[in-house]
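Would you mind keeping the following structure in view while I ask a few things?
So that you can tell them apart, the chains are marked A, B, C and D in the order they are listed, and the count of residues begins at 1 in each.
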């Protein structure tokens, strides 16, 4: 029993790119065409393309052979909130609500529902559109694993795999040169990647935003290994990790930053501090954008395929304004309004943290 | 509050090797030593080493740097059921129960509990030892994902990753040569690997034991693609897949098999049959032992670490004769007697099967 | 000083697919368009497309983003010799020379020169076309590394990498289970892949066509390891390896072969024989088409790019009817007529064979 | 006919670690033991272990199973020139010649020859030891490919592979976000990695030390792509690349550098400058130590095996004080004194540079 009236849908991908986005697009489009006989449109570059009316048909063929591709064939955009879109007013710029314009673009093309694949920001806009009467369906996307309401989503497994492979590689340098290597991974507000890649890579020390670290405890852990004859240490640090009582050092992406230590990643700062405290040779490596890219792992491809399929399925069964989720080992859905503006952080006492501690990993406290 | 009396434990790994076994051994030993101050022993080559009294101490150092290693540092053995162990009697061989001998070996070394990491067969023996009064704890191991009682375990993710990478590679040959490629993966009784790798690799047709196929439907699906201008097809087949009404063709490992078609994998047979039915060029590739080997994925390393940690933890909290499990997204445990002799197959209507069908995959029916 | 008269060229890819083909196509087309202002055509499915007049323009855009793709965007065909093309005559088939038809197709499109990327067979036809007055330029292609006249070409490095990764994976199974694993790689007439992958994978025994093996010596080498406490062995065997005095066992691709042992690869036969001779557990794995597929290694991409660039360059400088080669560390060219019908085998006393022997590898003699 | 008198040799690995070092150690030791019946010693941590008399026997078993390991089982050290070794004199440090001490350590152990595996600095010390009468043999090691006298050596292929895989991954982010990505690779004085990885990764712009770039030309190349509708660009930059007329910006490893722009890699500086000049979103990624680590590629394993074998072989045939080389496709040797203090840079008109230009790559000039 398909939802009455839905004959044409549109799909967009918002926020930073993420392995598995194309798996979702493919599953949404193929399910819509194959199973429900719908017409499918793709919106380019997230909400920006919606604002600029760049909306084009997707055929079965146009979404074939994209399952293994990283990134998104639709393009994305980080900064295009339709409810506060920067418009030039004379010489200055002012933020305007252009959501009505967006809705008119969808209306003119006869689009009945919009599938929004994205993270926190994308869901917030989707929820706002839902309030204005648009039929929306959300699909969570995040390499950081911090989208609220779902246990996991696509992209995270690929990012953890890339980060772990990097730690594996750096292990040989660390051990050959008796060095302390500080490897920085993504995770501004949540330490999921650092925890999972650190545990999988056998990191000696893992530093995450949820557990503010004490630098002297970190140095102590390094020196304790030295005393046992382990002449190297691997530290896996989330970009958002911060010292106890201190604050997060935001990595400035522009080089003309007034603050010298912020360019290139906090791993370099921590490596420098530790070198002074321990007298050991310490080096930083910031994995940066490597973690977003590449072909998705099988896990993420299948997660994306199932999310895309499920989003279409529940939409056609009458559910609207929900985000599909993976909860307790099963597909489900949660009201999109409950998700927007929230974040899912690492419980400091979760199984993997406790297991890591049991095998000897320090969290710097 | 540790369980009274447990001061010394032993660990063994049974059945076919599986990526992640060393992660479990490491987590068991490190947790036991670090957290509970126990002594840890390793039993070589599964129950065979128990029968032959090859039991040696494991130190913290001896389980360091093994997290990324495939296989098992303890060795394994496929055919050593202590309750029906083949003993030479004159010129013939008779199966004997040597379990008392095993128990006496453990007793002499003062071992209070045994951690058995393995699949169906290993758990059956562990359950039988439990009945005889031994304190045992099981950890499920299977690349096939068919151990009953747990949603997932380590090894499967690595096997699926290896199989998917193979499908990815073969895609280019198939499309360049306009060929039908039949890729055989493990799964004698359950089609989990074929389903997950097939879906992740974008296979056009997936054949699993749970859904007996009709060869004419398979040929039809291939030809339907041909008509649409898709000049190649990828078929992912589980070794245990069988035609409707037919029976599983067991791959003979010995070349002097009376039945010519059974050597090298059923993929070759199916490829041959399809070539005749469709007139297209068809080829088989049997991935075989590739799927067991290699460094475990981060997912499997962390699953192994958590299982090993959890097994020790609940043992020391007084739980005995259970197998640790991953159920609905969390660690748990189930009585080992409930697991032995059962198998977990693919529900033919599960989400991934339905999603795969929705995006156009045929299951040959 | 460009060759007079060349304004339009065509390119085809012949024989089995091979990683790096697209790198050559891209370099040929981009160099032709960018540097020489030529028009470029692609011939589909090797000589078959030439016979059937399937020849289409290639633009700069149509060869963008193909550098990392395995296979060939032009398609290939194994069985389409224009000088002996099977034509249906009534109910039977007779081989006809259709080369004049091919030349007329090129003439009608105003094509002045043809770049033929392929192996032995492709070069033979190219040489025959050259004799008939066509301007041709050859680019050697072979994963087997057996094309005569060039030290190396693209595809081989990728195949060796895939085969070595497989051996690396299988190592863990072999050592955990104390097994003899027989890994079969491509190489019907030359053992280059077996030698290079075997040496790189640390194979204990390497069997290649150039050094006929003695099975009792192979069994001896396996047992000698056993005696030293090495309870497993890795054997890397080329598909064309044969016992001393015996003949090559051709792997039948069709299952209805009268000879049971030929299906699925000779690795299974050798494993079976060794099991009987040594009493050890032995298993075969046939890598098959895995070795042809996948994204080319950086080495092969750059080799392909340089070959494509060089082919165009010397063509425009007046060289014709040559095949580009890599000789003694540099790009060069050799008359295509010298290459056709010859093969480059492994010198049995080459550096890598001797180095492998020095580190303890047996060649079964 | 082995060189008279050589019965015991020692081997050391100097300079930054490099994939393939263990392949050389293994080949040296196994060839020495297997083929020549020598005794083999390993010197720990390069010349530092020689100074401190940390020299231990290597057995056949101790070099087994190390072929696939990155790094060096002997350890290394960057700063231990025995001819100018920093010694504490009261409160200050003075550089002393401790080479006689080193020789006495070798003499006491009865070591007749020393195999020195390393780069420029290691060879310089080896040459100085040769002058003092020690029998030495050099094996070139460099991921940068800049050791003089050899066309190539182990480590480079692995580094290029790691860098190319990173570019492949970043491609998807660049194209999804319409960004300019500046990827920094190793190469302080020579641009080999940047050239090979850039060409293999399809970089749009490659910046190397040998071709000083003009930033406005780089910006121009980026904008030219933009105009053609290519909304992203990939720039591969060697750490030692410098603007025309400017000087190399040395990446400071210590965070308390007075110069803010030097921390984290020059990629960030170039990205920042380009963002201002083009108005596009630009990001830097510095691969850093990732390039040194990991398991060596098959190419590097075999190169290392052949170098180690050859070094032993020519030593036993009476050659001394040479470095083994790979020249024009064959193994050879060159006097070690000719190598020390020299470097091999990229010829600005070499085949790969010209091929890259032909397919449209800019070098920023």
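Basically, a contact is a pair of C-beta atoms (placed from the backbone, for glycine too) under 8 Å apart; a residue touches a chain by one contact, two chains touch by 3 or more.
Keep in mind that this is a model prediction, so the values were computed, not measured.
Undergrad: Measuring between Cα centroids, what's the chain most distant from chain D?
TA: B
Undergrad: As a quick test, compute the distance in whole Å between the mean CA positions of chain B and chain C.
TA: 35
Undergrad: What is the distance, in whole Å, between the centres of chain A and chain C, each centre taken as the mean of its C-alpha atoms?
TA: 42
Undergrad: Round to the nearest whole Å and give the separation of the Cα centres of chain C and chain D.
TA: Chain centroid spacing, chain C to chain D, equals 32 Å.
Undergrad: Tell me, which residues of chain D touch at least two other chains?
TA: 168
Undergrad: Who touches whom among the chains?
TA: Touching chain pairs, listed by label, come out as A-B, A-D, B-C, C-D.
Undergrad: Could you list, by residue number, the parts of chain D that touch chain C in their complex?
TA: 26-27, 30-31, 34-35, 65, 67-68, 151, 157, 160-161, 164, 168, 196-197, 199-202, 295, 297-299, 301-302, 305-306, 308-310, 312-313, 327-331, 351-352, 354-356, 358-360
Undergrad: What does chain D use to touch chain A in their complex?
TA: Residue positions touching the partner: 16-17, 19, 21, 45, 69-72, 75-78, 162, 166, 168-173, 175-178, 181, 253-257, 259-261, 263-265, 268-269, 271-273, 275, 283-286, 288-290, 292-294.
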